[in-house]
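Here come two complexes built around subunit A, the first alongside subunit B, the second alongside subunit C.
After this line comes the complex of A and B, so read on.
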């Protein structure tokens, strides 16, 4: 207790030096929590959006279909197996649209009008009297310059390779953060697509709902929600590693400042150390005193960081962190604003990291005290 | 009286129907003969063609010169020789497969799926269009719709309807020169009846005994623009082409 009281007294006595140390350390605290919470927030949001708009509880894909290989669309479909439940069939077909006389290659996704597996607003298709009603996302609308109500000429090949063409009516533009269901794609009723292509009762993949229990189906392969989401996890982890460099540098600077302060203290306070030992304090207790002094920087930094950090964290949690439009076009789910996610694991992990590392860098120079000669220390001679 | 009337009516109907059927049949036969003559003009066992493709853009046009070697309906090798940007680009078509070699990347890529629907060097022709080389008389039922005059030439206006399901364009309307048996204009329709592409043939010349159009304008009517001109600078028919041209290894040579 005595060591603790002395440490606080010494720190408060050092004034500016203490303030500078804890200020730098508090920045490390805030930056570590902020960067990681933004990444965690993006991760959680991207996963939630991807599940709601694209993955559902997993995909059952035709064995010849690879979503990352557009060559596989041609042959990657098959008859819908009998007796399947809790699966929503999607048929993918390639086509060309001609908005304002421009030519654009696109993918048509046929989806049942009454589906509830993903958030594509397919119920609007049922309510529309047009012959070929279609839904598109905001990215597609922007790139093709299409608005609700526009009729766009579409050309496709049927199952035999014969060209066909007609006009689709864009009945709604949905706002989704998931670009993989939006850019270069249109959504139509599955019945319409079957009629257009002649691929009756066929699907390219299925979206599973929460009740789906997978059992092997010949000709189809299942990818669970976790497998599909791994892309996002891997990307966020990679981004976290890149950001770690920033806060490792900041933390390194702060710890170096504490280390330097400790070395200077031990050098300048030799007489004090000698006096304490002469008065009966063991060397071990003196080492403890200096180590506590060093680690108290992190406690004070935590308190100081809270003064400006908490309002900042609260502000970002409410308002969100704006994402520049260019960054939203990277091809992964990302909304206009990222809302940071402050988890207990993150906060306690950061606190522990800073306290433990500052304690270690405080202890390292203090070890020298245990080898000091108290008589020479009292005289203030260099050792 | 009533019996005689019925007999006369039946005879009349029979005469009308049989005459109509006979004339339709004879029209189809005549159309088929015409189409075969057209195919004879347009196709040969081998062809070596030096041509220029003029792609009209919104602001300026581009000219691309190439030399093509083809054998039958399923083998075609094309090398681009002008401009410098495209020089050395080669295309090889074997059956329904198409490979492209680009000297800038030194890579051969096979085109399939939606890539075949992309335009060739910004033109109105897609790779699929370039690959389509089957004889019209083999894949279409034909019928003469009328006899007209087109650009001062007497022509047959013919309607071609696909015989099978695996034909790219379900219906074509073709104007065929009655004297030279070459198409002068062709309109390609989708199954729904939507007009998709239009081709105008001109500058017909007699080359090695065949009447052959040396200028063609392809127009994707769904797209804006003037279309793409295709000029034949030189053509040689039925000259033996070494098999090495139709090997994938020829692309990198």
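After this line comes the complex of A and C, so read on.
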């Protein structure tokens, strides 16, 4: 196609300006894809971790229990109903520990030793000879300054409200990206906790496995995996829209540069435009020529962006993107490294967005050509 | 004998300057036949460019009629006038107006790309046109590497390659030295003889006069005098 060949020649002819434009545009390409892929990667990883460590296939909660309200722990438990399948009971109880002489309020989670619903390493409890073995996460270990093998004094009220105290042994510190099963919590065998509290055969909530089919059980409410994960989706979406500002700005600058180049080149190249018309080119084709020329920036930017973008994308996919410690305190699962998730939809969407928008900003100034007076254009007298 | 291909009847072109009409051309009556080699001669501002632009359908008259190859210029729309120029009219400008990103070969080929020639035909015609103007050996150069004389030769080759009926040359020698001017004129004369192309020049260059078969002297938009050899 004539217009296409001529546009390419024109672009290659205007070396520096072309390079600058496609450089900015290629950065928008790379940044849009990278930021979104990181967010998607984070989203996927956070969901996977949360399901594996906390949510399972959903939670069946005592109707008086609200995980966000620690006062509800007191009454939010009940007898394990008969004939329930594919549910792992968890009993939550409040207690106090005294690390380094400080007083620290914590939650004890009682969990069956042989459970397979979540990744809490409960098998280590069965294997340990201590009388009251306990598991904690790395955050808890850090904040309470506890190491493996430490004995910790713990105080709680039993079902009658009477204070009781004991020494538990921390037998393992697990490493999970999910802060909500870690910070301020201790995991013990459910049998131990029943014994300590007197709440025999009671649970605060259950973790469902993949085979679980919910049917109404009175006194208990079910929250599906999807409902529980919505917190993460919402948070990631909120983060995404914050980031959108970054690339809307970037893309805006790139498009402005193209628009500016187009306006300028239509003005500077009016003699050329007049000549093309004098040679018998229709105005429509000249408009097409200049539009293609502008939109080709996105094509070249794509090629150029690939030169440095693809190795970068590959590197991050392999090595991960390091998350600064401050950013990890967002309250949902986040690991030290995020591995971006490159979606076809995202990549095609971005490419399409950039191509369409750069075509539009090229077309707008080029449209002027069709109203140009070729005589004035040839004389170079258009303002 | 020779067919009339351009007929201008009471042709006027006026501009509105400070609310008053200013006439760049005033009631010009002229006709041209096939194969002419004619110069429109006159001082700067006399209306030469305006006249050529109207014949070439780049501009439209404000009064009277311009019939070019049996088409009324005033009644052509954008694409019809593009078509007329594409197939039948070649332009040569004072400042050459070559496409800077194209090589000599590609500049000449461009005129054919707008029509539907095959690649082989294009190659044949382009090389032939370059031979006419003596630039076969410069075909891969870019315009910025050419001298003024060479540039104008490329422009002639570009105008002539599609073998138009009419060739309009607006002060083609104004930016050339005497030697180049003479050689360009000789080339055009040769093409005029061999292809029968109708040439209409505008000029105020004395050197051009002796090549012309017909001279039309324009002053302030009016024909002052006409001489034929």
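In the analysis below, the second predicted complex is superposed on the first by the 382 of 383 C-alpha atoms of A that agree within 3 Å, B and C clash if a C-alpha of one lies under 4 Å from a C-alpha of the other, contacts with A are read in each partner's own complex, and residues count from 1 in each chain.
One rule holds for everything that comes next: a residue touches a chain if its C-beta (ideal position, glycine included) is under 8 Å from a C-beta of that chain, and two chains touch if they have at least 3 such contacts.
Given the structure is predicted, the values throughout are model-derived calculations rather than measurements.
Enquirer: Using the touch definition from the top, say if A:155 reaches subunit B (first), subunit C (second), both or neither.
Expert: So A:155 only meets subunit B here.
Enquirer: May I ask you to decide whether A:105 touches subunit B, subunit C, both, or neither, giving the answer as first, second, both or neither?
Expert: first
Enquirer: Taking the superposition on A as described, I'd like to know which of subunit B and subunit C A:10 touches: first, second, both or neither.
Expert: second
Enquirer: Mind working out whether A:96 is in touch with subunit B, subunit C, both or neither, as first, second, both or neither?
Expert: first
Enquirer: Who does A:227 touch here: subunit B (first), subunit C (second), both, or neither?
Expert: Touch partners of A:227: none, neither subunit B nor subunit C.
Enquirer: Return first, second, both or neither, reflecting whether A:145 touches subunit B, subunit C, both chains, or no partner chain.
Expert: Once the two structures are laid over each other on A, A:145 reaches no partner at all.
Enquirer: One more residue to check, A:2. First (subunit B), second (subunit C), both or neither?
Expert: In the superposed model, A:2 contacts subunit C only, not subunit B.
Enquirer: Could you list, by residue number, the parts of subunit C that touch subunit A in their complex?
Expert: Answer in residue numbers: 53, 56, 58-59, 78-79, 82-87, 89, 91, 93, 95, 97, 99-102, 110-111, 113-114, 158.
Enquirer: What residues on subunit A touch subunit B, complex-wise?
Expert: 70-71, 73-74, 94, 96, 98, 100-103, 105, 153, 155, 157-158, 160-166
Enquirer: Mind listing the subunit A positions that touch subunit C in their complex?
Expert: Contacts found on subunit A: 2, 6, 9-10, 12-13, 271-272, 274-284, 370, 374-375, 378.
Enquirer: In their complex, what parts of subunit B are in touch with subunit A?
Expert: Its residues touching subunit A are 112-115, 117-119, 162, 164-170, 188, 190-192, 194, 196, 220, 222-225.
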